[in-house]
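Just below sit the structures, each encoded as structure tokens.
In the two complexes that follow, chain A is the common piece, with chain B as its partner first and chain C second.
Here is the complex of A and B:
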């Protein structure tokens, strides 16, 4: 902007503009509205959640303080009571399956949900608290007064909106955070591509195939299903559909020259997956970038008049055992809202005045978990986890359970050593990686 | 408000006023319908799937609103103050989107909640009941040509009849020419065009290609947030009874087993291939006889009966 374009920020349109009505943005707007601040929630889609794609489980514990008894009204598909981890090769699969009916009772643990339903519900909470939701409006840039961010420019005619604080919750690859200079140059290795098919099946067929009843559901995470491209797979049950998909390393996917839907088709035809989705009708195919590297790719979270939260701040946790996003978005969004409300009240929305945001993140699970698991994404994407571990685990099981009479049974140690040798894994490397994993997850 | 059922065969009352010289302002009403935009229809039994958030205004309805705004601006510039009202048949779920219309220059939005299923004629009766001088006092009514949910495009014609107004339907172009007047272009067979001079009071319908609805400014969008949608609930004393939903296709024909010594001849007999096909007919009939002929042919093809044709 030229100096003559500098908007009058003495009387801004709103105390705070939140860009993006996803879980982070709506949580921020809800906190601000409840604190009595005027807040505008901008959403580029025709309704909150219309642009969002998610193949995961929503863990709602973070909502307990925000919306008491949220489970009584949140639009969920199924409560996850079975969590499975599957190690897979071309024609083998080893599954560790955990079931807990406690997760199927209040206050529950995690749930599958359709994002257009869930995000719209959360945004409606913010609206009910007093936030002004404007849909079909894209924030195309920042308004500045010198270095200070004083609002956003939108794609509507006369579309400048001034505010004391802008909270960027505009999702992965945040153009606003980049424009504010909060991100270092992008490294494609920090990103993965998520692709997902939603496959319709009758409720009773899903109940039968996945051995669940009522509104209970299953979450299956899969390793070893992405060929030479590092990544993982997933399969979740919705009420009357399944979500099956992949997460693929962006640079390796580009390098291999294959299309993601080809790799997904291979997963769908795997003998462990095909019977689960058989007869289903594909209703939707979608793709989205994921900020896979988490803590190591996080931008500066605070600038002069600006905060970054949710996927825009790479708050997605892709740590193999734990694959979480919405709860981190809500946690960071709520912290941003609280910090902005406090800064506005104290009339100091400078970088220092907004510093409370960082302190709040450090004090709760968001930054604690991310820092603790900062090496996990790299570990999960390593050759050992992606290629050798699934092959060795499946190979050991194959040998262990294959009855070779009249040959006597081989010992377990011998089987493991032969499989490690077959897959070129040396004992010292296995120990080294094991120690690293213990340090990371311990 | 209760709308009595019944077609006014005894004579059509003139329910629209001309406005013009004696009227200080003209009111243009865009009649639109909130409908399922991409209905998912089961190919086997024809049931329509429930698509949450799949509803909206069709492109032709949006074109109708934009056309109303353009005409109102032109007529206002030519000396007669004109305003636009949107009359939308739809449920409460439409309110958020309708509120956005108040940001693009629409002065008033009235949502008509129709509690029972209705035929096109009954919908027109309901609309006409609101468009009268006692209520909205419309001088020009603009509709989308066909509603998104498999509409037949007949509501505007019924509406013109109800209101006793001239009609110009299925328009592909509109040009205001002076206060209360406009030139309309209609598509004809063979790539020809028909230009019509329309004077209010009139009912017109437009195709979606006529115009794109303008984008509201941010300030107007924010201001519209505090405006209210008027709601009118209409009940009819004899709603349409839906006996059974079925796909829109001819009933299967009952055929005798085909005769023939080999498979090819039996297939030819069964399919009628190589036999002379039904040639097209040109009938010159008066309107009532033509309608009878059309119904007769549709029944012969199996469209109008649940029983398979013999």
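Here is the complex of A and C:
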């Protein structure tokens, strides 16, 4: 380590310093170590994953090429074999529930997991490949030689670490990417707050209530449960606990006068949710900020001697029917690691020399999905999706299935029209939003 | 919706489910003068750990100790730079286990 103010860039401590041992950072470090580069993986928590929480499902396909047969060893809670989407109002709920037992067999689809377990497991993979994992150490700033990033400053005594490339996987707040000038000023409208309760319940009770067996589990995504604040809710099964939580738009939450745990208490008391969580004890409460706006809020991903990946690069995909993040973190982190390894080998870690990172992201799902779904976060947070859609959908169901004998049955078209009118939705607006949705998801 | 049906836990027991390895050093500082002029005070509503509390004299009392380190407070802060926020020193702050 260097004590001087101008670090010796000719002989850096490591080829690459990766800041943050979450899924992005560990994937980057794993790729670098495998490519034979010296890599330091810095983590500010006492262990990888100790600062991390999420809204529930890890989609593992991205791991297939990194860790063959990862499912035989990854510390997962349950494999998701039931994926439900619930539209709710104060006392109604319409659920689309899909079950696939194929998802409960190798190679699986999605899993629930505790992030402290999962992230520590992935970091250990990087360590086993040769990365140097240093925990309980906060990166407090960048070391620079002119404009060029040449390492990080840490809060350890004599804690400067020099490197040819710094990969920022330091999460949604990414002070390092901001310090590097890769972000424009933050707009709170691009962010949401996630809050979650992990609720302990016996395994048999969960199996019965959610109609699953063995290590199969359920993920329910909920729309219409956040009052006037745009957002959504979720409920999913762990092995011996449930997780119930909310995602809330920051500016509206700040203005609404209701605290996050109050809105969460309302979801927990909803007639469709209360019986599922009844009798459970809160094992852990957690909160985290989410980069909600995806493609449109992404920073510059590459600078001179620096790359940004994972939540630090707003790689979280909040696209309504697809809610993913850990897989995008791993995908972007791995691409950053590969690009950095190549740049170090070619002795050009300038912005141009690291340009391979962008090409790799464009060539796989990470940027392709994000670009295609760039309008989705906004659509999901629109008044139509948030307020009108749940009410109209539940209202139509209520009218459709309420038997009104001796009155004859109303036609479906009449029911839909009356519900749209009741909720102030004009046909013109419904069509234009519908076309937008088709364009985005189609 | 009524919240009577579910025996909601108190905020104190909610927070006691979380491990915090509290640092001696505060990672949040608040400029009370700016807060006194602030009309929106989004931090009071939005902070999931309820760390910002209005005082009788129009200021804001805050506590850094039981912080989730989410960043919501500085993000919703309307007064330029009233909240200065960084990560706690390494190894300290919130430690999740079952999230």
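Rule of thumb we're sticking to: the second predicted complex is superposed on the first by the 438 of 442 C-alpha atoms of A that agree within 3 Å, B and C clash if a C-alpha of one lies under 4 Å from a C-alpha of the other, contacts with A are read in each partner's own complex, and residues count from 1 in each chain.
Just so it is clear, contacts are C-beta pairs under 8 Å (C-beta built on N, C-alpha and C of every residue); 3 or more make two chains touch, one makes a residue touch a chain.
Just so it is clear, the structure is predicted and the values come from calculations on it, not from any experiment.
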item	value
Overlay on chain A: chain C relative to chain B, clash or fit	fit
Chain B versus chain C as contact partner of A:348, first or second or both or neither	neither
Which superposed partner A:300 touches (first chain B, second chain C, both, neither)	neither
Chain B versus chain C as contact partner of A:284, first or second or both or neither	second
Partner chain in contact with A:116 - chain B first, chain C second, else both or neither	both
Chain A residues touched - chain C or chain B, whichever exceeds	C
Contacts of A:132 with chain B and chain C, given as first, second, both or neither	first
Partner chain(s) touched by A:160 [first = chain B, second = chain C, both, neither]	first
First (chain B), second (chain C), both or neither touched by A:259	second
Per-pair minimum CA distance [chain C against chain B, superposed on A] in Å	8
Contact residues of chain A, present in both the chain B and the chain C interface	50, 116, 136-137, 154, 156
Chain C - residues contacting chain A, complex	1-6, 8-9, 11, 13-15, 17-18, 21, 40, 42-43, 45-46, 48-50, 68-72, 75-76, 86-91, 93-99
Complex contacts: residues of chain A adjacent to chain C	44-46, 49-54, 90-91, 114-116, 135-138, 140, 154-156, 172-173, 175, 186, 188, 191, 193, 195-198, 238, 241, 243, 250-251, 253-261, 265-266, 268-270, 274, 277-278, 282-289
Chain B residues within the chain A interface of the complex	52-53, 100, 215-219, 221-222, 225
Residues on chain A engaged by chain B in the complex (per definition of touch)	13, 40, 47, 50, 116-117, 132, 134, 136-137, 154, 156-161
